[in-house]
Amino acid sequence: MDELRRFARELLLKKEVAAVIGYEQVGEARTRPVVITDPDECRRLVLNEYCLNNLVVYLNRARIKALARSKEGIRKLAVVAKPCDIRSIVALIQENQIRRENLMILSMNCHGVVRDFGCEFNGDNLAAKCISCNTQSSTYADKSFGEVREIPKFTGKLEYDLSEIEQLPPSKRMEFFREQFDKCIKCYACRAVCPLCYCQRCITDKTIPRWIESSSHSRGNFAWNIVRALHLSGRCTGCGECERACPMDIPLSLLNRKMAMKSKELFGYESGKSTDNPTLVGSYDQKDSDELFM
Amino acid sequence: MKIGVFICHCGENISRTVDCPRVAETCEKIPGVEFSIDYKYMCSDPGQKLIKDAVEIHKLDAIVVGSCSPNMHERTFRSAAVAAGINPFLVEIANLREHCSWVHEDVESATQKAIELVRMAVEKVKRDKPLSKIKVPVTKRVLVIGGGIAGIQAALDVANAGYDVVLVEKEPSIGGHMSQLSETFPTLDCSQCILTPRMVEVNQHPRIKLLTYSEVEKIEGFIGNFKATIRKKARHINEDICSGCGQCVSKCPIKKKAFSSFEEGLAYRPAVYIPFPQAVPNIPVIDESVCTYYRNGKCGMCVKACDRQAIDFDQKDTMMVADVGAVIVATGYKLYSIGKQPLGSKYKGYGEYGYGKYKDVIDGLQFERIASASGPTSGEIKRPSDGKEPKKIVFIQCVGSRDPAKGISYCSKICCMYTAKQAMLFRHKVHDGEAYVFYMDIRAGGKMYEEFVRRAIEEDHVNYIRGRVSRIYEENGKYIVKGEDTIAGVPVNIDADMVVLASAMIPHDNAPGLAQKVGIPYDKYGFYNESHPKLKPVESTTAGVFLAGACNAPRDIPESVAMASAAASKAIILFSSDSLEREPVVARVNEDLCAGCFYCRKVCPFGAVEVRDIKDMNGVVYKEVAYINQGVCQGCGTCTATCLSKSIELAGFNNEEIFAEIAAL
Amino acid sequence: MADAGLTYGYFPGCSQKGSAREYEMSLLKVAGKLGIDLKEIDDWSCCGATSAHATNHRLANALAMRNMLLAEQQGLETLVAPCAACFNRLITTKAECRNHPESKKDVEELLSASVSNTTSILNVIDLFDKASNGLIGSGRVRDMKGLKAACYYGCLLVRPPELIDTDDSEQPDSMERIVKATGADVVEWNYRTECCGAAHSISRRDIVVDLSKRIIDDALMHGANVIIVACPMCHTNLDMRQRVMRRMYPSHKEIPVLYLTELIGLSLGFTESELGIDLHYIRFNMPNEIMNQTAQA
Amino acid sequence: MDNKEKHIENGWEPKIVAFVCNWCTYAGADLAGTSRLKYPANMKIIRVMCSGAVDPVFILKAFERGADGVLVSGCHPNDCHYNAGNFHARRRWDLFHALLDFAGIEKERLQFSWISASEGKKFADVVTKITNDIKMIGPFKGYQEMNRQFTTEFPEQEKEKLVQQCTEAEAVNG
């Protein structure tokens, strides 16, 4: 942690970066994002199991981008990113949203995070995305902090099991998702925390024509949630922030995970793996399956 | 907006199953429809006048015609609209004939469907925006790819019309397969005698820039404005100095290392060579793979032989760019590899015929070389194995062709004719020779073609046997050809001295690769697709790219020449005005909303999407957005569906229009 | 394909236990020596060849599938069928059930079991090809140089081309590659994939004798001193029927016919009687060079 | 009595929408007409330039507007008028179909085909097949019920009015 603070301070002192985006501690079992431009403020930075947010989302925010821009041109931004968050960076680079050369990635050797603030970090409270995590460190990091430790074995229970839902007959599945989507209050928190939802104007805000109905009926809710999952197909890196942010506890990552599985199964594609890969949507293979087509 | 609805009876074609008056009546009640009428023939002059009058009387802004397919009469009704003062893109067609009256029997349901189709068109037309045609400038120069007879013909026609031509040929000389042929059917005139004057004409034509030993690397741009990058491979001979005296060729010590591809492997050529005596240009090429200099830096016999210092061992490939307005693709064909199935090939090969194993089992082009006066045997029919004169030759037709089990279902078209010709030539040259032809059917459709085949059978006594050959093997210096005579119903064994296989015509191995560079579609074999099999046979589906000769399908010489002239005239038509008009169905980006993800750029099949920088007041780029080049865009709309923020709209098919159609269901 | 240490299911079929028992003897000996574990499937039955598939299509399919199902149930992913007829029946049924769901359903009904149809089927050439250079070469104790082998494929190992994964149905090379690994020379000849008459051996001996004699004569004409086969029926026709040829054509010249596995066995150092070569009708005399080698060893 | 007979006895006819490309399938449908082939009248065609131009949201919209089934059809692979539009479409539909399937929408509701300009017969066959498929599984109740379901509770009378208003609003706004 001290090493991170020292390193970040140096970066700011030497004016190598315009700002450092990181986590600061608030209370015992909670952190929050912080943007630091003053070298001395670097002592606020922390790295621990409560660093839940995917800070990559801020890299594409207009206000943060403005920090890096000056008359001389673009300066670098430093961001603290867990190895899994770095996958979002990779995806954003693939989609021309950020440039690697404008970025300093400060990462950690991750051993998992808690499922929510306030919990004690142990096997029971491990975040769902950490259960079968295999990216404890990332080759894209400029520097990694902390020592390598094992992720605790998951001993808790997940509320929804993807394979159980897959087993349901179609009508039951539709019923399940309709019930879940009916809870949606269209607050769009899922969209706000998603690093890949960077459109200036979201499809759901388009009114001529009206792409997705925003009135409070099942039809609009269904359409919004399906389109959200569709637009993230082959792009979502599984950070799970949408589900954590959802105030109505809709299991959004079920859809995201299913689509990630399908992308891998159908096209052998995993998002956020390498900036050299062509994106799943936007490329094609003549040998893609023709099974669906009469 | 005031909309007029016009329902056509098409005589009885529509009205037989669709109650047209009822459709017109019902549609009048659709909000926005000011006027609605049905009429016997809307496309007729009185029908069009009806539309014009209605527009005037009812002050209509847009019209919907319920008639036949838009592919038939959309243009007619758009012209009528223009004549009446309405923008042609405020006309929608409801397809009541092909999609309704002709395919349904029940009057009630067909009428109901017709009403709904009209309603959908009305809802769409309400949201249609007036569009005007896009003008693009034209570069009046043609790129011809391939210097065979088709490419030569196309280049000469375009050049003689007064336009510049860039002719690219990958081999060291133009001439193509035609230059290899001995005599041509059905007239038996010498192939080279009729071809070489044209080759020379190409070389001397002031408007033709000839680039041999060159290949197209990439083509960018669009109709009227292509930019072609061409790789000129290193010949290692300075073309400007070389006089074509051939001293280097005769002094080259490499005599038996490389087979001549012009002689189809029946003769050797030196490391520095001119493919054949009449080659155009008459400039040699050094083959690095066999030349001693490139192996150990020694030799240099050719350098000593050349009194003009034209040999340049250090010459490198050079790239050049040509701006052209149209492209004529005339890349020709190759022969099916009839030996054992090559690894990874989709064609099975004919292992049972022993091609490649037995020296005297040869293909049609090899026989052409043997029969050719300029060939390795000076036109005497001799076996490649021992140089003896064969007395009995078996010709087998349809080797590869019409044999789906071996990978090709189509007929190669020319083999019936050239087999008859070759059998005839053999009989003319070897008077006591016997010629046998195994055939499936004889396809001699063409002027004087059938008569030619009859002549082979009746006057030259070529033995035609209807049936297939199952196996060929060598026994005591003879080739035992085991086949079946399906007319007599008996097995046939012929002990031949030589066997000639009329193997199928297939596209070059890199045909798909070139198609991707040029941006034209191809079929499963690799033949390039024409835009319409009947009405647009020389146009590719990419505007400004035309096809000539066997790259499109198996063709004989007169057809290739006809196609080439047709393609040339299409290019010339294109050049008849200084700018082109094209349909305004193109995509446009809303730059304010574009998120700059460039998925549109990734999916665009035409490379029409460009990057545009948006700068802040300090001149620092803070955003990159997509910009669609209106000239390049072909209007497929793939980008619109891929765009996540829905910032792209396709004019004429914008999302609002389609949503309105869905809503009208 | 074949790898030492792997377990393959082994489907003998009737001939391996009867008329071609030397084929089985030699196959098992060779496999054992090379470390290829062949596990005979328990409770196997007729493959459905000849009589069944000539008379009752459904029965033939069910019989073939029954054996593949047994392999599946006994945890064997790959099944080796040394008899060419068995091999052909198995792959034919497998392809039919794959391409025609109704046939699969029918077979499943007849067998009262559901079938995954995933067992892969190998013949002896498949088993030794590709691995032959490594395995046979390294285990070789005798160089079979001096043998001029005519490799005879017959029909069932290479046809129909759409079902069989061979290098070329009309000009195959795979058996030659194996034979070369034993050190023997191969001869170029013409009748490698011609018909020997197959099962007509019993009903129309006259046809079989004519067809087989053609094959033998061509092999001899091209300088062969042994014919190598991988099919019990070919062996019967080419070996046993030479006795009839001798009676009918006094000038007939004899040539020994070996199973591919016997040739491999010889190169691995087994004796002729261990491999069952002494069960043939035409005597196989090991060329002197090879005999001398053995003496030195 | 099987499902199909049951649905037909109620006098129910499915509503089917097809999004077809201008160059192949639309022309194929024209050929079906020119050849006077017969097929059920349930399907209405919306013409787009390329199968690559069909947005998945179009399909959701169609379901929202009461479609019981949707067909998307374009040129065969390698035969696309625009070279590659259908290849991109194929990937998109593979993903979207998987998503809808997971969300519990029956596979028969959304179908895909490649129909060339010369395949009039195939077009007629595909329309017949999809119509029969939909007749077999019946009206798309799952989606149509959603159309009338509000997530906030309104008094019954109010609700009717709201449904009415919504429907009218969409008819205008699309």
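List of remarks:
Letters A, B, C and D mark the chains in the order given here, with residues in each chain numbered from 1 onward.
Convention: a contact is a pair of C-beta atoms (placed from the backbone, for glycine too) under 8 Å apart; a residue touches a chain by one contact, two chains touch by 3 or more.
Remember, predicted model here, so these are calculated numbers, not experimental data.
The interface with the greater number of C-beta contacts, when B-C is set against A-B, is A-B. Of all chains, the one whose Cα centroid sits at the greatest distance from that of subunit D is C. Centre to centre, using the average C-alpha position, subunit A and subunit B are separated by 48 Å. One inter-chain figure worth recording: subunit C and subunit D are separated by 56 Å, centre to centre, where each centre is the mean of the chain's CA atoms. Remark: subunit B and subunit D have CA centroids separated by 36 Å (rounded to whole angstrom). Along subunit A, residues 203, 208-211, 281-283 each make contact with two or more other chains.
Across the assembly, subunit D contributes 56, 78, 84, 88, 92, 170, 174 as residues in contact with two or more other chains.
Looking at which chains touch one another, you get A-B, A-D, B-C, B-D.
Those residues of subunit B that touch subunit C in the shared complex are 340-341, 348-352, 354, 357, 405, 471, 473-475, 480. Residues of subunit A that touch subunit D in their complex: 165-166, 168, 170-178, 182-184, 203, 207-213, 215-219, 221-223, 226-227, 229-230, 233-234, 255, 258-259, 262-263, 266-267, 280-286, 288-290, 292-294. Taken in their complex, subunit B has these residues touching subunit A: 592-599, 602-603, 616, 618, 620, 622, 624, 642, 644-647, 655-656, 659-660.
In the complex of the two chains, the subunit A residues touching subunit B come out as 65, 69-71, 73-74, 95-97, 198-203, 206, 208-211, 231, 278-279, 281-283. Interface of subunit B with subunit D (complex): residues 69-71, 95, 97-100, 102-106, 109-110, 112-113, 116-117, 120, 123, 127, 519-524, 529, 541-542, 585, 603, 605-606, 634-638, 640-642, 650, 653, 655-656, 658-663, 665.
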